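So that you can tell them apart, the chains are marked A, B, C and D in the order they are listed, and the count of residues begins at 1 in each.
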C-alpha cells in the first residue's frame, strides 16, 4: 500500500494539429489519471510537431521529428523514464509499420484501427507481435461501452435464446459531398488508397459494425454478400456498403455502413434476436440497452453504477450513477484502463484483457478484403476465411 | 346541395369471427361515415357467418353462405339497394378469384393484399379488370398514412436531392415460435402454401416494405439479392427475409422483413437519403417524419391539420390538429375515403386515385417471386421484371 | 342470436362547419359501427345547418333549426325512429341548458366538457339528471385511452406502492398569439366569458389534466395553490395555469396547463410515483406506458391486444395488435362504445360505466372555480370542496 | 511558443474512498490534461487518507491529515511546487470554512455546491473573497453542458421571443426509501442538518434546477411559493419540493425537485417558452436541444463540433463531432477548463469566466432559505431577496 503505482508513460505517433482522434485519445487517457504523456512524434511538419508537443506540455527534447527517431531515443533512456506504451494515431498506412518496429523495440502498442493496410501486412505484424513481449491493442472504441458488454453478457447467458438474426448498421453522412476536395483533412487522406488501404467506408466504419456484431452476438461471420458504392465524382474508395451475412453458429444478418446517409451523425447500432427475445443498442444513446422478450414487456436497462441487474463486466466500465451520461470518451477510456491494468499486472498472450487485440484486427482486415471481393464477385456468397 | 350523397353500399367476403384484419376494415370504413355494410359472406361456417352478420347489423337475408351466391344475389337486386363495393378479407388464395368474379359481375373491389397467389394469376386478374368498369384497390394500409405522403412529396420536390440510399425494414416477432401449432389462426393459414402462396414473411410483410420503399423514394426496384430463412421446425414458408436491391434511378438499398425478430411488434420503417439530406418515418410513431439535412439541424415534421409546411396530399389525409395521434385505422380509412370519392365521382383506368391499385399488386407479386428466385439462385443479382 | 342489435340513434346539437370536435365525435361514433346519426341542430346559421346535415347524410326533415325544436320533434316520433342519444358539441354555455332539457325530454346525453358554465348550474343539472331516466356522459376523451386504464389498474393494485407524487401537465401553444383576433373561431368563443365560462385555459384543458390525475392516481385532490396568467393583450380569460396540490390520501403534486407554451402541440402527460416505483404516460405517445421501479429496470408496457400482462380494462379498450397505433379517435370511440353498451344493457345511476359521468363534471367544475379563487387569494392553500 | 504552459497544481479537501463526486472531479480535471494533482487532505481517517493519496499517485508527504495542515504546508512550499487551486469536495458544512481559509492563504478555490450552510455564512465568505486575490468557482456541473449554453444564447438572441414560462424539474428517486438507515453514505450525511444545512432535496438538487432556470431563461426569480415534503419516517430534511415562481422580467414558472420519484435516475430538465417558440433540454440526453417554434417544424439541435448553427459559447465546450456522445464528466471538465484558463490568464473580480461564481452561490443559498420560509408560510408568495 505504501508504493505509489506510477503512471504509464505514453508516447504518440501522429496526432498533430487538426487530428480529432488524437485529441480523443489524449482525453480518454487522461480521464482516469493512469497515464502520463512523455514523448511524441506528432507530425512530419516540424513546427506542427513542436507546437503540438508544447501544447501537450512536453519538453522539446521529447518531441521527435520522426517516429523512428523516437523509438531509438526512447529505447536509450533509463527504464524509469522511458516510454512504455506507444499510441499510434497516424493515417492507416503507418499503423502496421510503426507497430512492428515499436514491438521489436520493446514497447507496448495501442493502435488506431485498421491494424494494417492489408491482411498480408497484418499477418506479418502478428508474427512480430508473437515474437515480442509487448501487448498490442486496437482502439475499437465502441467495444469499450459498458452496455455493449452488458448486451454480450445477456447473449452469452441465453437471455434471448439462440441467436437467429443480427442487424448492425453504421450510417454516417459526412462524405455525402466532396468534402475532401473542399479541404477536409480527415476526408483527404481517407480517400487515398495508398494511405487508407483498399477499403473506404468499409474499412473506416464497416469494421466497427463488423466487430460490434461479432462481439455482442457472440457469433463468427463466415459468409458475406456485399454491395459497395461510390457516390461522389472522382472519389477512389467506397463510401457506402451493405451486405448480407451468415454465421458459423447458424444466424444470418445484415450489415450496413455508409458515409453518404446525408444528415446522419454517428448512429452505429446493433440489434440481435434470438428465439426468446432481442437486444438493441444505439451508440448515440449509449447508456440504454433495450431488451425485448416474448414473455414480458420491453425493458430498458440503463447504465449506472450500483444496479444489481447489470453484469460485472458492464458495471466495472462505469464511473457514474445512472442518469449521469457517459459517452464516447469514457468508452475509449475503458480501453485505456484495461490496457493500464494489463501493463502493470501483465497481460496474456500479447493481449490486454478487455482491449480488442490482434485477432479483432485480423478478422476486421479479413472482413474488409472479403467485402471488397464479394462486391466484385457475381456469386452470392463469398466466404470470410480467417482463423485467429 | 339539396341531394344527400348516399353512403356506399359495401359487402364483405371473409371476416368471420377471429379475423383481425376484417374488423379493422369495418372500423376504417366506419370512421368517416361514407360506407354502409349491406351484405356479407363472412365464413364458410354457417353459424359463424350468421353470427358475424348479426353482430354487424345485417339481416339474415343478406348474409350469404358463399361469395358466389352473394355476387349472384346482389347483382339481382335493384340498383339502389345493391352492393357497390366488395371488400375481400379472406386468406390469400381467394383474393384473385373473388376479385375476378366480382369485377365481372359489375362490382368495385377492395382487396386485402397480396392481390393473388402468383404473378400469372394476377396478370389474368388485370386483364379482367381492364375489361370491366370496376375500380380495384389494394389494402396497402401503410400507404394511407399522411406522413408517408409527406415524405414522398418531399422526395419528389428534391428536398433531399438525388436519392442514393433506401433502407426499409419490417421486423416483427410474432412467428418466433410455433404459434400455428399452438392454435393461432392467423399463423395457421399463413403457413400453408395453398392458402398463402409461395411466400411467407416475404409476401405477408415484405410486400409492405417493398411498396413503401418504391412509393416514398419514388424509385423502381430492378434487382434483388435475397436471403430467406425458416426458423421453426416444420414451418413450410419463409419467416424471415433480407435483401440488397438496386433501382432504375441509380439508388441502392436494403430491405429487411422478418417475423422472427422476437419481441418486436410492428416497426415498419423507411429511411431515404439523397445527396442533400434524408427522411425517416417509423410506423409505430406514424405522426412524425424526421428530416435530416446537410444544411440545417434535424427537423421533425408532425402530422396535424393546419400546418403550412405540410403538403396538400398529406394534410387532406389528416383529421385532427397536431398532437392528437392518428393511427393505423385512420391510415386505412384514408384508403376507404379515396375509394369512396372515386366511386362517387368516377375513378380513372379502373383505379381509385390515392388507393394502391393493380400496378402496386403486380409489382408486389413480382417482388415476391423474384425474392424467392433470388434466394434459390447462386447469382448475386436477380432482375425484378415487371412492366406495369 | 337472431335479433340484430339495432344501432343507437344519435342526434347532434352543434357541430356545424368548422367544428373540429364535432367531426371527431362523428368519426369516433362511426368507428365501431354501433351508432347511426338520425338528426341534428348543427348551427344557428340555417344554410350551415342544412349543408352540414346534408353532408352527413341526413334528410332536411331531420335537420332542425334549433335544438329546442329538435327535442320537441324527436320526442314526437315513434320510439323506433326517435333519437336516443343527444350529443352536445356546442360552445360551453349551452352544455347544461341543452343537457337539462334533453334529459327531461327522455333522451340520453353525451356532452362535451365542461359540463356547465358554473358549479351552481351544474348542481342544478345533476338534480335534473337524478330525476330522469337518462344516462349522462362527458367527453373526457383522454380517460378513454387504454393505457390510462392500465396505469390506473397498476396504481390500484399497488404496483408502485403508496402514491406520493402526482405530476400532471398539459402545455399547448396555440394561444401564444392573438389568434382570436386573427379569425380563429375556436379561439374566438373560448375567449368570451359568456360563452366559455369563468375559466379559459384552466377550464379548457386544465380540467383534462385534473381529471386524468384523479383517475390515474386514484386520488382526491383537496387543496390547490394556483397561479393563472393572461399573456395576450385584450384577452379576457386565463391562457395559462400552474398549481401545487394536495390530496386526501396524502400525496402532493403539481398541475400545469397552458396554452402559451409556444410550439407545443398537445402533450398532456402524467407521472405518478409511489414508494416502490412510478408510472408515466404521455398522450402524444398514447400506446406506451412507462413503469419505473426500485427493483427492476424500466419497463415500457405497450398497447395491443393479446398481451397477458395488460389488465382487462385496458385490453378491452384496444382494437389492434401491438405496434398498430391507436390514437385520439379510438380513445373517444371507447367512450362511445361504453355508452352504447350502457344504453342497450342499462346503465347504473344515470351513468354509463366506463364513461366519465356527472361526478367527473362536478369535480372538474369545482376545480375550475377553486383554481380561480386560489389565484385571487393571498393564502397559500385553497380547499377544493366537492362532495360527489 | 517555446514555453510549455505548466499544468495547474491542484489539491483536494475531501474525496476519500466512496465519494462519487470526488472521483468525478478527478476525472473531469484529468480529461483535458491541464491539471496535476499535487496534494490532498482526503479523509479524517488516516488510513483512508493515505490509501486515497496513494491510489492517486501522491507521495505521503503531500497527503495531509487535515485541511488546515495542508493549507499551511502548501503555502510554505516554493511557488513553482505549491498547490494553486483547492478543490473542495467535502460534505456541505465544510465548504465555506475551507474556502475562506484557502482564499486567505492565497489559493484559488473550486468548491462543490452549496457554497455554504447558510446565506449568512456565505455573505461572510463573499467578503473574504472580495478581499482576496483568489478566483472562486462552484461546481454547478450542469451549467457546463454545451447545449445549456446554446439554449441560453438562443434565449438571449430572441429566438423564442419574450420569455413567458419556465418549467424546470429535477426528479430523482434514490431517497424513496430509508437508504441512509441502510448504510448509503451519500444519503447519511445529506440527511444531517449539521452537515448538510437546512435544506435537503431543495439544497442538494433544487439549487441545480434553480440555477439552470435562471441561467438558461436569463431571468431573475423574485418570488416563490413552495411546498416541501418529507416522505420517510425519521428523515430530518426535506426529500421533495415543488414551487411556483415569478421572475423580475415578468415570466412565471414551476420548479420541481424531488428525491422520492421512485425509479427516476437524474432527469434534470428545463423548458423555456417565449411568445415565438420554446426550448427544451434534458440532462439525460444532454447532446440534444429541442427548439419548437410557431413558424416552422420542431428542430433538434445536436451537440458536435463544426456545426455552423451552434453558437461559439456552445461549440467551444465540445470536444467531439456530432454523434459522439459527451456527458456529465465532459460538462464538469468544461468548468475545469474555464477555471484553468482564468488561472493562467487572469480572471475578473474573483471569478473565472464561464464558471459559476459566488453570485450563483448567493442566489442559490437565498433560494434554499426562501423556499424553506415559503414552505412554512401561509402566504402564497414569499419574496426571494438577494442582490448580488
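Here, contacts are C-beta pairs under 8 Å (C-beta built on N, C-alpha and C of every residue); 3 or more make two chains touch, one makes a residue touch a chain.
Owing to the predicted nature of the structure, the values given are computational and were not obtained by experimental measurement.
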{"item": "Rotation angle superposing chain A onto its copy chain B by C-alpha atoms, nearest 5 degrees", "value": "180"}
{"item": "Taking each chain's C-alpha mean as its centre, the one farthest from chain C", "value": "A"}
{"item": "Approximate Å spacing (C-alpha centroids) for the pair chain C, chain D", "value": "44"}
{"item": "Centroid spacing, where centroids are CA-atom means, of chain B and chain C in whole angstrom", "value": "34"}
{"item": "Junction residues of chain A, two or more chains touched", "value": "264, 291, 298, 302"}
{"item": "Footprint of chain C on chain D - complex, ascending", "value": "160-161, 164-165, 167, 169, 171, 173, 176-177, 225, 227, 229, 231, 240, 242-244, 246, 252-254, 256, 258, 260-264, 271, 273-278, 291-294, 298, 377-381"}
{"item": "Contact set on chain D toward chain A in their complex", "value": "1-7, 20, 23-24, 26-27, 30-33, 37, 50-51, 54-60, 172, 174, 264-267, 283-287, 302, 304-305, 319-330"}
{"item": "Residues of chain D defined as touching chain B within the complex", "value": "291, 296-302, 307, 309"}
